């Protein structure tokens, strides 16, 4: 199904997505949106792995499985992160990342 | 799979077993008697630690996905010792009212991170490495936020998980590139297929950033101080010693087994970041007032020194790094143990609270002093030997300038370590920490640390045993 | 048991004894006994050494004991002594012994004080017996660190600042030294073979010139800082002035000698080629040290400052002499180390005792002490006379050997430098006599002085011990120089072997 | 232009546009929905790459699980109509610069590299193969990570639980000056 | 008794006494320690005389050449193969002559002090110092090598320091002792550098090698030159500098007058008879080197001697402190001796100046010691140093008066007193060498007579002053030495010095050159007459003269402001413009740099704290930037 599409398209797409995620991580104030940016990042990695696996090394499934595990880990991570965010909300009554800075210097 | 195979991966299996035992104890014991879970966990863990030293066959399992050899074995044992000390040190704190209903969770989480680290170290495949890494990280974020009534703790948790998520994203991206250029994620195969081209270098840099985050290398270190300060003392010490040690271990394994081809590149990267790390870590440490935060920056700068052992890419360097981590475990845990003891007894963690401590609590002060001297690299304690071997490893490869920068940095570090010593021994205080008696676990942990601080240095067999490992390089 | 190892062991046992003793008052007794044994031991060592030499033992080092420590880096616990080290060990024992008695009145954290003090001594002893660069370095640092606590806790004045400054500067020096030692080690086998930390083994090879150029300055400065090399001497005035009596004694008397000894045994001995090429830089610096220290001492008002600057000057002379790289001057350097060690220790001991009575160290707040405390005053005068190089006391012997030796150097540059250095003897006379005149002579100023008691028994013991040795060297110098002089022959062979001249 | 290319362009533009919207939208719930779109489009790409299983996982776990989790937490912590303050221009500028620079370097380096594909025959990915691989102990078997991730999930669960165990609002932090 | 081994005891005995009295003196009774010291010195004196007798008349003079006898010589400190300090005893005409001078004067002073210092606190200390001095001085003169000489030179200096500062509670004494030591120390610096230079050239310290006219040392001495003078000349000038300091020649004379703060017997011993002539002795000892290898230096010796003698004589005319007058007179007389050496040749009659110098040294020691001891007796009687407090003492102190008069006549060069003979030889030698020097000395002879008799007339003639107690003659312990010394001062001129003490050891004939002697006696008589007119006949005359020559008088009274110049140099230049800046520089620049390093570290540490802002996104920003920067550097910049 991927005939006619060069591999580099996928990779560029992934790169753009990755750095969009990075941008989001650096700019979004809300902890949840930051988490969303992380998801973007992980997704872009997955795209990379799958595209590379499909285009270059289709005889094995390393990229495929890696993506599979990344998704799983991402889910676990998201669960804990959300728990922590809620914890923050409980303690700080805000989830603005800029306000979560009682420790500094 | 055979019984022998299980022997090969007995560290991980035993740890998992402990997790399950604790879980079972938590589930099945009546709620009134939960105190005992801690004892069970520690006893079991102590057993594992001892068992770890039994001779173990080397070999690979799961089609090279899991590798066991002497080097890795010794790494795991070192981590076990450290973890055991952390566990013992945390007993007093876990006995507090607010923590009483969450003791077994604490052990489960902590031991599972250690399991993750062990898997990470034994990984022969980047997937195992990644999963081990995450297993070593995610539960830790929860532990960092463990303090129930502390805003700082909560903040530490969120900071840790978000930035570690970012870092693992970056790391994964790098792995994807490496995968794309080599077509494999097995360490051994990748090592042969790496060619030193730009994309691989870029992939390596992404990977490097991810690891540097775990080891607290400047400029990837900024989370360290905040998390260390916010987290409970035992978790801070765990983060600063075990977590960092494990990351260093896997980092050198990967560097030396997977990336020797692009050594020229990573040496430059390590050179630059090492200088930055030592310097920035020290500069920040100078002015810290909170002891935990202070030790955080100190541990950042220690990471810079550790890089000196790595940069040469030689067997001596590898040995010196492993040895240094061992020494560092005793030293840093000694320091954190003292901080924890004082914090548990009086709730005070600031430098000014330490004024006049020697008059009221000479024992703790002396241990703290020894630990700090060891961190600073003052003879006759072990840190001196550790630093010397690190520097020697770098000097062997001609990195004299780097060594000079490092030794000059040790002077800055000596300055702030002495500030603490000064506070304890010299400064007067109208309201010093009152004399307190530590309980047995604290004493035990501190005693082991003290013994370790002395013995690991003087007793040359320790170093020689590490040095005699082949490392495959 | 090797007799040299005992020199490290006995202090450690003494420390153990101090820890065990229940009664604080017994701490001093234990320390006194421990250091007394040390003193006897060093007398025995000297005796054995001379006996061995006379019986025709011509090996470079005697009483050698070599234990492998870290095999992979070829680190050994290697001890051995030649005449120079024996002399330095004897000096250390004397100063430590009298230091213990000089601090007999210590009553704040007594136990800790004596432990630190003896720990310091352990480091010094270890340094002098080491043949292995690694252990040497280890003991060096071991000797420096207790200084921090000793000054910081029991010092006076801006003690925290001084202690910190001293420690940091000395450890900074040791940092450079570490690089130097590593450099030497990794170049110790230019023709292949095992790398070595052993001084004797390294001295048999020639370290490549390129390496020498880098590591000689590092090593020399590293040791030089401890030897108060200009401009790295500023720890000395502050450190000495803040330190408690015994610590000043030990520090100026012995610890500063580590610098000279190390510069000579490590920097010059192992890298003579670079030493010859680069010596001019350091000769300029040391010449400055010599004159500058003396001038600096003239206008000081604090007794300890005066002595600190004086130490800068005298220790500068040690390094100066070493850099001349000939037998006589080096021999002079050794004698100067011992001589300065003894007399500066005496000075500091006396300053401490005077301070204990007058509670000031400002010379212009005192006067006419000769009348009220004649014993201490006479001792002070003797120390002063030794310091200004009066024949019959040790200072003269040392200085003259240095000057004559240095002046034999074939290069005009060195000889001009010598002339400049020689001029310090006048400046020394100026500041010494100035102090004596203001402090001891003249009418006694205050009525309260009448209450002063002269030296107590432990003070007498402390000062007389030192004076006896000062006079001994001054009157019978040939006994000492024959011992040290012969031991310099390997150095000279090595230096001459590189066909400089 | 083939259908494939058209689809790719469609998915790609959805991903890019909605990614950017996700990280710029000032309304949080919308951002979450945009993220959902991105994730679904990604699943589409997986389909295109013949990884139907993974696409399914993506849709269920990601789009179904995580996004829902996120939306829940949004509802827990924020007012739905919450509209963020615009991002400080400096922060936005520097972050954009960093992101663009990173993207440029990455893309240039990728384009610079000639990937070499293997000659071996491709393997069909089906559930059978996936299941077999996951439970295989030999080479290319993934039973070990599969087992370990179960520990991870257990630990994550415990982690989430202890964080969620209720703590009082009062802070016991000692107020300290961290810095001299 | 010709092996001279017993000479060792000549300087060992005083040393042992010094140690004994120094360590245990305060436990002995004062009187015992005094007697002990005196007795010991008596032994030394006897030994010295025995030595002299056997040396001059039994051993050495056999072939009319006095040999140099090295009694023993053992290594004390080894420097190099050729350079080592030995300790030994060298007997030759001048050292034996010096033994006599030192032991005689010393013994007199010891005896005298028993009376003079009676009841002083620190009596035993005084005697131990005296013994130390005797030891050092003996060691100095019998030195076999230049370094031994230097060693004892320094010891002599310290004994002088200790004795000047004997009254240590008196600020003036303290100041004077300090000044004496530092000034001579400064001169000794020259001496030492001179030794270094000389030994570098000649590879030896040994006198017997150095001063051998045929020896290699002198032959080797030419060669490299610096500023037009050969290195040997330079080294000899520097060595002479030591002599200038010790012998209080211009410009290092300033310490000597102040040194009179010490007890008067000390002044007699050290600052008149023995130590101050050490410079002369030094030049005499090194004379062959000067003469053969460094004639330019010898010329300098002559001129400095001449100038000092004139200069000091002029100042002496204006001083009012009796001891200061004598002190300047000493300077002046030593100038004579220096001059004599400076103008001397070598060997036989050419060495007249050398012989004359030694002769004068000998006679001067006697009469100057006598003068000081008399002054002591006077001071003892009137309790003042100042001439203004004295007058008409003739009738109270008849013995003192008589001996003082003899000494005055001797110093003025009136025949047949000793000074006449020695001074005459000096003038003769100067006449043959350089007329300018000769006339200067003529003038000085007149001035000397003038100021000595000014002193004599003021003190013993004139009116009584108001005395608190009636002055009375001193006890016998004090007067006996006066008588002995007076005898020596009167008759020592008849000793045939040219037979005994000559430049090359060979005796030669001298005769009084009446062409020079008669005018000199006339000049001296004129001086005495002037003094008589001014201070006896017409006491108001001095005041009138002073008012006429107000400025020059003031100049001379203030010793030509040399002291002030020194003070200026030390206090202003050295203290204020060298030492204080050095101290300041050290504290602020050198130390400041070190502190600045620390401060900069602190400041940097403070400045960079914004990196650790607590803002997660900033952390992430640095994270990403770090990655990108690393990538940029490693891939595109360093690849």
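Just so it is clear, A, B, C, D and E label the chains in written order, and each chain counts residues from 1 on its own.
The rule we apply is simple: a contact is a pair of C-beta atoms (placed from the backbone, for glycine too) under 8 Å apart; a residue touches a chain by one contact, two chains touch by 3 or more.
In this text the structure is predicted, and so the values were computed from the model without any measurement.
Between chain C and chain E, the least number of touch steps comes to 1. Contact count check for B-C and A-D (C-beta pairs in contact): higher for A-D.
Across the assembly, the mean Cα position most removed from that of chain A is the one of E. With centres computed from CA atoms alone, C is the chain lying nearest the middle of all the protein shown.
The most distant chain from chain C, with centres taken as the mean of CA atoms, is D.
Distance between chain D and chain E, defined via averaged C-alpha coordinates, is recorded as 100 Å. Averaged C-alpha coordinates give centres for chain A and chain B that are 27 Å from one another.
Averaging C-alpha coordinates per chain places the centre of chain A 65 Å away from that of chain C.
In chain A, 11, 18, 21-22, 25-27, 34-35, 52, 56-57, 60, 62, 65, 69, 73, 76-77, 80, 83-85, 87, 90-91, 100-105 are the positions where the chain touches two or more neighbouring chains simultaneously.
For chain E, residues that reach two or more other chains under the stated contact definition are 598, 609, 612, 614, 616-617, 620-621, 624-625, 627, 631, 635.
Within chain B, the positions touching two or more other chains are listed as 127, 131, 134, 138, 141-142, 145, 151-152, 157-159, 162, 166, 170, 177, 180, 183, 198, 202, 225-226, 229, 287, 293, 415.
Pairs of chains in mutual contact: A-B, A-D, A-E, B-C, B-D, B-E, C-E, D-E.
By the touch criterion stated above, chain A contacts chain B in their complex at residues 11, 14, 18, 21-22, 25, 31, 34-35, 38, 41-42, 44-45, 48-49, 52-53, 56-57, 60, 62-63, 65-66, 69-70, 73, 76-77, 80-81, 83-85, 87-88, 90-92, 100-105.
In the complex of the two chains, the chain A residues touching chain D come out as 1-5, 7-13, 15-24, 26-30, 32-33, 35-37, 39-40, 43, 46-47, 50-52, 54-62, 64-65, 67-69, 71-80, 82-87, 89-91, 95, 102-105. Against chain E, the residues of chain C that register as touching in their complex are 165, 168-169, 230-231, 233-235, 237-238, 292, 295-296, 298-300, 309, 327-328, 368, 370-371, 385, 388-392, 396-397, 400-401, 403-405, 407-408, 415, 418-419, 422-423, 425-426, 429-430, 433-434, 437, 440-444, 477-478, 481-482, 485.
Taken together, the chain A residues at the contact with chain E in this complex read 22, 25-27, 34, 97-98, 100-105. Residues 126-127, 130-131, 134, 138, 141-142, 145, 151-152, 154-159, 161-162, 165-166, 169-170, 172-173, 175-177, 179-180, 183-185, 225-226, 229-230, 287, 293 of chain B touch chain A in their complex.
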